[in-house]
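The following blocks contain the structures, represented as structure tokens.
Next come two complexes built around subunit A: one with subunit B, the other with subunit C.
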Partner chain A sequence: MEPIIEVKNISKNYGNIKALENVSFSIWPGEILGIVGESGSGKSTLIKCLSGETSCCEGEIVFYKDNEQIYFSMLDEGRMHLLRKKDIKVVYQNPQDGLRMKFSAGANIAEPLLSLGSREYSELRDKALYWMDRLEIGQSRTDHIPENFSGGMRQRLQIARSLVSNPKILLMDEPTSGLDLSVQARLLDVIGKLVKEINLTVVIVTHDLGVARILADRLIVMKSGKIAEHGLTDQILDDPGHEYTQLLVSSVLRA
Partner chain B sequence: MYLGKQVKNNITFSSDLLLKAELVCKTFILHNQNKAEIKAVKNLNLSLKKGECLVLSGPSGAGKSSVLKLLYGTYRLSSGNIFIRHNSRILELSGANPHEILALRKETIGYVSQFLDIIPRISALDAVSEVLLISGLKKKDAEEKTKEIFKKLKLPEKLWHLPPSTFSGGEKQRVNIARCFVKDCPIIFLDEPTASLDRDNIETVCSLIREKLKKNTGIIGIFHDEDLKKTLATKMVSLNETD
Partner chain C sequence: MYNFAYLDENSKKMIRQSILKAVAIPGFQVPFAGREMPLPYGWGTGGIQLTSSIIGPDDVLKVIDQGSDDTTNAVSIRKFFKKTADIKVTTCTKEATIIQTRHRIPEQKLNENQIVVYQVPIPEPMQFIEPSKEKTEKYHALEEYGSMYVKIYEDIALNSEITTAFDYPVFVNKRYLMSPSPIPRYDNPKMHMAEFLQLFGAGREKRIYAVPPYTQVKSLDFNDYPFFVESFDKKCEICGSSLGFLDEIITDDSGTRMYVCSDSDFCRKNLEINNGTNN
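Then we have the complex of A and B:
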């Protein structure tokens, strides 16, 4: 098996603040990779680099798409934009960052296809209905706007909108924080099932180690812009080796 | 250095050998407790052959569960070697990459732990049949097989479509056992699989274990039930409290 993304020694500075420093790792097709760490440790910056939303100061990110090798540093703006539109999608912590709040739910899902050139109305409608169904949003809500949705439903709509273009990679930045527990469980269940069925690759940033344990195959622990530790999820949580990971794991309240 | 390498290359792995641990040590270093060291496992040697049931015994705190976690790759070795037959080759655990360990767990080792870590909203039926779906079975066949093992384990039918988070300890444990026993894997680890089961259910689990042994599965188990230990064990490894 070959990786789908390789992150090679990337660094990112904001002025004189080092947000990421010499970060290297691989992402494998079909896996769920969890990224944990305290706020300010560089998790969100890492997601921004992986999605091409921001460019790295140093290092390289390589995306292996079918038989093609795509070097992020060599992409012009147009091709990067297309990559972000089709293959690498981001699910934001706040659904309003990834949705059009005044558009109907159906239009929110269909829009990415429209922007990729699809003009077949019946196909757009079918796909919108299909993805609403997969994310457990009732079809009766097709014409409602997300402003009138609950937080959990908005988050599922955002995921539906991300998946309609059939991306290779889904990057999720704290998708379950701010949701109450039963809603969170439902979202985890939906994500878990989808990944298995459509061979999606997921990177999920979370500060909830319970979410990480249930969902992630592997974990990366970030600390001050660097990788403190990485390994299989159970290795990191049950046998943390790094000082910071030990602190993190021992700080969790067991429900 | 040279000697170490030689031992590695010359390891004899007869065709009926499934797993071998050599001089395995695990020391936990607690960085936030003044770097306190806890020696959980010290110089452990063991081997498991096809059809064997190796029982780990010893007082509580002797490191029995730690041994299983080391063999499963959850705990990373401090020193020593663990070799496991995986498909047609011999995998050395500490040198394996994460994806090899995941494949090993998917195809070679079944593990009944003391906890059931699954997504909260998934039904018992889905939680177990999922294991078979991953290995390529069709949904209908997977569900059939799952129902069969639920019946064997006498899990009430009304629970099948409910998420295990609401189950009693014994019911959860049977789901956990079902998840492992529903598929055929060459090696099974059992960490007190009968701890919260009644006599009747213990008998059932016991016969499931015997069935697996007959099919040449190798089992390493921790049982607190003395009778169970005696009837199942073909081999005993006792661990003593380490310092």
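Then we have the complex of A and C:
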């Protein structure tokens, strides 16, 4: 089987700060890959590199699309934009970073389709209603603006907006932080169901090991810009090998 | 006392260079080093700089504001060029070689020997959706106009039709999205394949853009909600014509309304023809 994304030895520096150092791994189609680690460990930088938002200083990211290999370092801005528009979508920690807060929920869902050239209002409307329903926001809220939505609803709207263009891979940066536990659970439930149904590949960055355990098939543990450990989620959380992972697992509060 | 048409020749040269670039890339906003003019921003400083740069001693200038030759803005700008360039001015659309306008395109069909100079307050059509200039410039570069359609999607979702009535965005030459300046959308079709050169000047924002003659200008719409212009079931109460764009004027405190042609030259000509036949 071919991976969907192959990360080969990437490094990223911000001045003297080494945010990522020689990171390599593959993402396989249909899986949910969790990336955990403390703040400052390079999780968000990794997501930015994967989404093409920033370029890495060294190494290469290869995206496999329909028997074609796309090398990130060889894409110009326009082609990278196209890739981000269609195939690689990001769900931000703060929904307002990924939404137009002053435009209706329906318009937010319609925009990616409009960017891709859809010019039929009725089709856009149908898709908007469909995704409002699918993410359990409720069709009756389609014409309301996200400013009047709760945090959980905003986050689900952001996911709806990301999925409407039928992307290959969804990158989520701490999608559940800032939400209360019951809302988190519902969001995780929705994401879990969707991934199975539409054969989506997801990378989820989180500092919450509970979220990682529920959703992720595989885990990557980051520490100081490097991969400390990676493997199957259960294996890592039940039998952590690296001392940092042991610390991380043992510091989770038991309910 | 003044250099011909107020601006010094070096400034004119710089503006003409920007105009040439604008004509070469239809609909693209060309930055230029806008000069201070002896009137405030928002009163047509962009339009005046354009007119000043292209006008010659043989030109005949017409200035309209909301279609009318008689409003303060139009009268002042006409006087300004009369004084600084000593050129012939007119209110007759047919006679003019340069027409500087705010908010209208004349009803009279214009020809290849005429130039329309538009005064533009906000040159960036996407500004209300994306306030960051850095981003909108990138959107233009990448031909990323999805966000503009968001506006008309929402118009239809909330009001069942596209309600944008003026400054209705257009695609120029199948490439750049452009603000036609705050003309009513009634005037948009006049820009398409027009025989005359159209120049747009935004003084405060320091941008010039242009639509050369015989260029495609398409108003934004959806396949199932095509662009349309308003129609009036009223007639002008002065000249009796139903062919022009009508202004609604409230004439007393109890809300009595009067409809008259917004294009004052068009109205006057109609009246002359009517009076001629009556006699």
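Everything that follows uses one rule, which is that the second predicted complex is superposed on the first by the 255 of 255 C-alpha atoms of A that agree within 3 Å, B and C clash if a C-alpha of one lies under 4 Å from a C-alpha of the other, contacts with A are read in each partner's own complex, and residues count from 1 in each chain.
One rule holds for everything that comes next: a residue touches a chain if its C-beta (ideal position, glycine included) is under 8 Å from a C-beta of that chain, and two chains touch if they have at least 3 such contacts.
Only a predicted model underlies this, so the values are computations on that prediction, with no experimental measurement involved.
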Overlay on subunit A: subunit C relative to subunit B, clash or fit: fit
Subunit B versus subunit C as contact partner of A:112, first or second or both or neither: second
Subunit B versus subunit C as contact partner of A:1, first or second or both or neither: first
Which of subunit B and subunit C A:125 touches, first, second, both or neither: second
Partner chain(s) touched by A:234 [first = subunit B, second = subunit C, both, neither]: first
Geometry of the superposed three-chain model: angle at subunit A (Cα centres of subunit B and subunit C, steps of 10 degrees): 160
Which superposed partner A:100 touches (first subunit B, second subunit C, both, neither): second
Which superposed partner A:243 touches (first subunit B, second subunit C, both, neither): first
Touching partner for A:81 - first (subunit B), second (subunit C), both, neither: second
Where subunit B and subunit C come nearest after superposition, their Cα distance in Å: 34
Interfacial residue positions of subunit B with respect to subunit A in the complex: 28-32, 69, 73-76, 98-99, 101-102, 117-122, 130, 133-134
Residues of subunit A that touch subunit C when the two form their complex: 77-78, 81, 85, 100, 103-104, 106-107, 110-116, 119-122, 124-125, 142-143
Subunit C residues within the subunit A interface of the complex: 129, 141-142, 144-147, 149-150, 153-154, 156-158, 222-225
Of subunit A, residues touching subunit B in the complex: 1, 28, 31, 185-186, 188-189, 192, 196, 213-215, 217-218, 231-232, 234-235, 238-239, 241-243, 246-247, 250
